[in-house]
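Here come two complexes built around chain A, the first alongside chain B, the second alongside chain C.
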Partner chain A sequence: MAKTLQERRAERQLMIVLLPSLLLLLAFVIYPAIYSVYLSFTNEALTGAAARAPRFVGWRNYTRLFNDAKFWNALFVTFVFVLGSAIIGQFVLGLVSAIALRRRLVFRTLFSSIILLPNAAPEVVAGFMWISMLAGGDHATLSRIVSFFGLPTADWLQVFPLAMIIVVNTWRGIATAMILLTAGLSTIPQEIYEAARMDGATPAQMFRRITLPLMMPTILLYMLISTVSTIAVFGLVYALTRGGPGGATELISIYIYNQSFTAYQLGYGAAVAVIALLVSLMLGIAYVRAAKVEI
Partner chain B sequence: MKKTVFGGLCAILLGCTSTFVQAETLRLANHGQAGIDAMKSTVERIEKKLGVKVEVVEYPAPDKDYLSKLLTELGAGNGPDLFSMPSTAAVADMVDAGYLAPITTEINAWDGYKNFYDVAKKLAVSPDGETYVMPYMLGIQEIYYRKDVLEKAGISTGQPKTWDDLIARAEEIKTKTGAYGLLFPAGVSWGSGAFDEGFQHLIVGSKTPQIVTDDGKLDLNGEGVKDVFNVYKTLIDKDLMPVQPLLGPEPWVIPKYELFPAGKLVATTCGSWCYIFDWGRESKNPIPDVTKVVGTWTVPGQTGGQFVLANLAAPWAVNAKSANVELAKKALLEIGSVETQVSYAARIGNIPASKDAASDPEFQKLTELVPIHAAAEKGTFLKQAAGFGTVAEGVARATDALLRKEVDAAGAQKILVDYVKETLGDDAVK
Partner chain C sequence: MSVAPPGESANCVRGDLMAYATLSLISIFCAIPFFWLLIASFDGNAQLFLRWPETWTFANYLRVFAKEDGAKWLFNSLFVVGSATFLVMVLSGLGGYALSRTRAWWKLPFLYAILLIRVLPSTALVVPLYKFLLTLNNAEGALLRPIFGSATRDIMRWTGFIDGYLGLILVLATMQLPLSLWIMKTFFDGLPRDYEEAALMDGATMIQRIRRVLVPLALPGLAASGLFAFMSAWGDFLLPLILLSSPELQTLPLGLFRAFLRINEIDYGLLTALAFIYLVPAVVAFGFARRFLVQTFSGGVKG
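This part shows the complex of A and B:
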């Protein structure tokens, strides 16, 4: 059926509204992504002979990558980091904060502000702040605290590097989780809880049977955003450990940086970035399918 | 209509004028505030003498970040006209990349160059025989030790003759004072310092004193490389050098600015700048009478010989793709002047490459540097080659593994060789 004049005009207006966003996406997302794929098939470098005359190397970067133990280590570290900080740490603490702050608490506004504070500090500043907390052996703030209680001290970033970056990233991400999950909680009608209460449901039953199922779309959306953004975390961890010691905190983002801007191998770095992009894409598709949302 | 046309013409004229003005502007990238301060009078001189506007841009201070930003801009074709480089090791690769304009003709025709130390001139020559950098400052490094601590403990302050002698002295220090005996910078956090301020000192006195073969390959499988890593291994295993601080994010802070001034670290490699900035009058934690209580040893060779390491300190170069290469080259010669050298020496603590600096009244005031300047010609150095930047990173990784006690000397050598091969290809390594 032919479109009416009004429909065509509405479509045109829609296109005009969308055009700036499309152009920006094209210039700053699509084009760089395509260019990265192209780079990943070359030996392009930032310095040395390859910077002057880069050449096409076919699948060589990818072959090298799949045989590179450090790449697999970076993937594994990223997996544990995402699982520990985004999926477990931020989600659990964010949900607890969201539920707690729905109740009438004394100093509720103060608590909300405290939870939001970690997001106020730029990530590199936050990283250096945590260095003073964790690095320096006996001089570290955390060491002084534990020694006050008679517990053994440690150089935390050397002995428990991965656990420490998980703690720091959890600290930084609670606010985002709390805001999203608070929005999800507010969509659940209070009448349902009242009815459950009248039927004699315990708080645990109400949480398991009402809160969780009704919040599932919000939770999955949070998981999607949080997973993808945590895979891309760079500044905070780079400021804290630079990926060390010995690759123990070398996330895929830091590995890409190290290959591209420490070893100056843009081609190989681009190949790793393409794989990271594919991983993020697959996770995104999985979440979207699980949430059954239409994008 | 006429107004519109007139307005348009004015806009075009303004555009042309601003383009013209831009072409006469030189952009200089410098490394840290001290460097910018040192260049202040030089910038004014360049502007006056060459009739150009000079825009000085401060880039990030850590060496690695500075170099990454510089290379990214040069690669993208929008780099500064003139720039300093944090390490000599980066030069050969940048030449290969085509980033640096050759200055051989200009520098050889320049009167000021005749009085430069030969060691500076040799360091400035790239593997292709051309000169691309202004070698106006030298980093002269050796071992600095706490004379007062040794004398008090009844330990010899005499020059150690061999590596074994040096390690034995460090052991004696540990036994008699409880302090760390010797530090060679190491590990990934120290960046290029692990190579520039640590590894190089030892490799020049090893069985394989050069790591570049005649055909430009990197000879990293040599016995000398393993022996050098073995020195690190011994110092670490015997707890003769501090390890934990070197694994942290700012590894130099505790050993150089806390342990050494407190006498808890007795000997460390360092450069001429240490007398002024690390422990001297410009330090936040100065050692009183620093030149009296802190002495120097040359670095002994494995089985003999004495070595004082010479590097080019932050050499300047001209961007080959600069809009005005000739003008930038003229400005570069101004940077090479004795006045600029002395200004840098006063603020950074490096040694002027020109012999004429000795008679400069301002330089004579820098009493800590005068004797080092007089002896600068004796400096030893590694022959440069493409790939040195990668070797420096490989050394940092290898020594990091040694610090974490994960490998022995052979394992550290394997880390270095594997990293260089992975990065530059198997053919790059002999």
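This part shows the complex of A and C:
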């Protein structure tokens, strides 16, 4: 295939206009990702002797990791957090909202706007608002709601920290689940429901036999996407609890931050980061393959 | 549409009622946390708890600008996020065009790479990123100090990679690039090549083609790309947390977070007013971006 001179010049120009983006991504994403693998094999620190002359320590950070109860705790907390907020909380409430919003309701736009609102709030503002919601003492909003129903109040973030951050993250992510699942619902042809109704199917039967099976691909993609993005959650939980009390809400992202910038153990922090990178990357590859993304 | 049989319409009404009930409950859950922020920011004696103000006042908002800190944080945020957004729009416009039009071998690998970059959690990247930026920063300092002497710190506040505007702007922009490139690439895919080819026939240069033909055509795409970059950069907390330490450089999320940690002397009126000011641009941008949300979430990986 002989390319004309003009075509080759055009190709070169295209390469040149893409170059700045490529350089930035190489410098601030690709290089750090590779560099973190290197760092994870050193005893690099932020201060002290190790900061001046870091040494290569082989697999020591990784063996330490596997014997570190706090690392397993962070993995466990992250797992419960993802399961509770992304897989169950956001999914169920998002699906319910998406199905309910398919009806021609009077306040449809109002409802969907309100559900989108938490997603628009910056992480710190969201954390800030929930500190007020969940504060100890009888005046906090949640305590008032709970005591209205005659139930005992508590210092919510101290007594049920993990459950509370799951509630908060569910609150924040209903919208994304709703949007994705609405897109999936709209691909199901209305005629199928008509036919089922003719045959006397109940709404529950239609949901189980039609909606769920036909939505399966969308649901699977949603699960992958939301798992990846929930693993990356940092600011929302950090602003609320900073990982406490006693590591009860120390997500893997917060653990990396604390190890690196509070304990100054960059090498060890990098080893934890490499694990998080690998898990996310595998989920990402699964997503790209499952979604058959058109390029 | 035919008229539904009586049994059906009763069913339909019951379904509608159930939909209203569940949507109302979910909406209350979504809206409740905002009440405190909104009401306390107008309360003359704001507390951590939701309460009906005895006196309604604008004083909290006035204090944001009278007390220097709040206004400074707002300026820093606007400047840093504004610059990053502008940079993203320029780079993603050019890069998206290249990705859409090229037939070179690197097209597919590049596109797969930016899809996968989007799944990397930024918390896992910040450690090496911090080290790398520190090295760049020290090199820049060593280069500038012999020339500018004691003025170096003032210059580095703008051009430094750690604790300087430039570093934060570049990194914030880079983090938004994958999604924005993707949006612009998809957008240009939908634009016919006829216009450019006509311009090319007329002997227009690359620059002329971009300015006269592509920029006007690409404005809707650029708006989407800019909106998403703005929203994500505006809400970001991790990067300023790691890259900034000087009080005079603090952005809104950082200032709010640190002010809130000073448990004993929290001025809730001021902070809620500031948080509300911080919230408004995000909500407005989200409102504009709403119609792009579906395509973006289902097209790439959610950000």
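The definition used in the following text is that the second predicted complex is superposed on the first by the 247 of 295 C-alpha atoms of A that agree within 3 Å, B and C clash if a C-alpha of one lies under 4 Å from a C-alpha of the other, contacts with A are read in each partner's own complex, and residues count from 1 in each chain.
Going forward, a contact is a pair of C-beta atoms (placed from the backbone, for glycine too) under 8 Å apart; a residue touches a chain by one contact, two chains touch by 3 or more.
On a predicted model such as this, the values are computed, not experimentally measured, just so you know.
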Which chain makes contact with more of the residues of chain A, chain B or else chain C?
-> C
For A:R52, is the partner it touches chain B (first), chain C (second), both, or none of the two (neither)?
-> first
So, A:D155: does it touch chain B (first), chain C (second), both, or neither?
-> first
Identify the partner contact of A:F261: answer first if only chain B is touched, second if only chain C is, both if each is, neither if none is.
-> both
Examine A:G244 and indicate which partner it touches, taking first as chain B and second as chain C; both and neither are also allowed.
-> first
Return first, second, both or neither, reflecting whether A:F234 touches chain B, chain C, both chains, or no partner chain.
-> second
Should A:L277 be classified as contacting the first partner (chain B), the second (chain C), both, or neither?
-> second
Give one of first, second, both or neither to describe whether A:L14 is in contact with chain B, with chain C, with both, or with none.
-> second
With the two complexes superposed on chain A, say which partner A:A135 touches: chain B (first), chain C (second), both, or neither.
-> both
Name the residues of chain A shared by its contacts with chain B and its contacts with chain C.
-> 131, 135, 137, 239, 261
Of chain A, residues touching chain B in the complex = 45-49, 51-52, 64, 68, 131, 135-137, 155, 157-158, 239-242, 244-246, 261-265
Touching chain A in the complex, chain B uses residues 64, 68, 71-72, 75, 90, 93-94, 96-99, 188-189, 244-245, 247-249, 254, 386-387, 389-390, 393, 400-401, 404, 406, 422-424
Per the touch rule, the chain A residues reaching chain C in their complex are 10-11, 13-15, 17-18, 20-22, 24-25, 27-33, 35-36, 39, 44, 93, 96-97, 99-101, 103, 105, 107, 110-111, 114-126, 128-133, 135, 137, 139-141, 144, 171, 174, 176, 179-180, 182-183, 197, 203, 225-226, 228-229, 231-232, 234-235, 238-239, 252-254, 256-257, 260-261, 266, 269-270, 273-274, 276-277, 280-281, 283-285, 287-288, 293, 295
Can you list the residues on chain C that touch chain A in the complex?
-> 8, 11, 15-16, 18-20, 22-24, 26-27, 29-37, 40, 47-51, 91-92, 94-95, 97-99, 101-104, 107-108, 110-132, 170-171, 173-175, 177-178, 181, 206, 231, 234-238, 241-242, 252-253, 256-257, 260, 271, 275, 278-279, 282-283, 285-287, 290, 293-294, 297-303
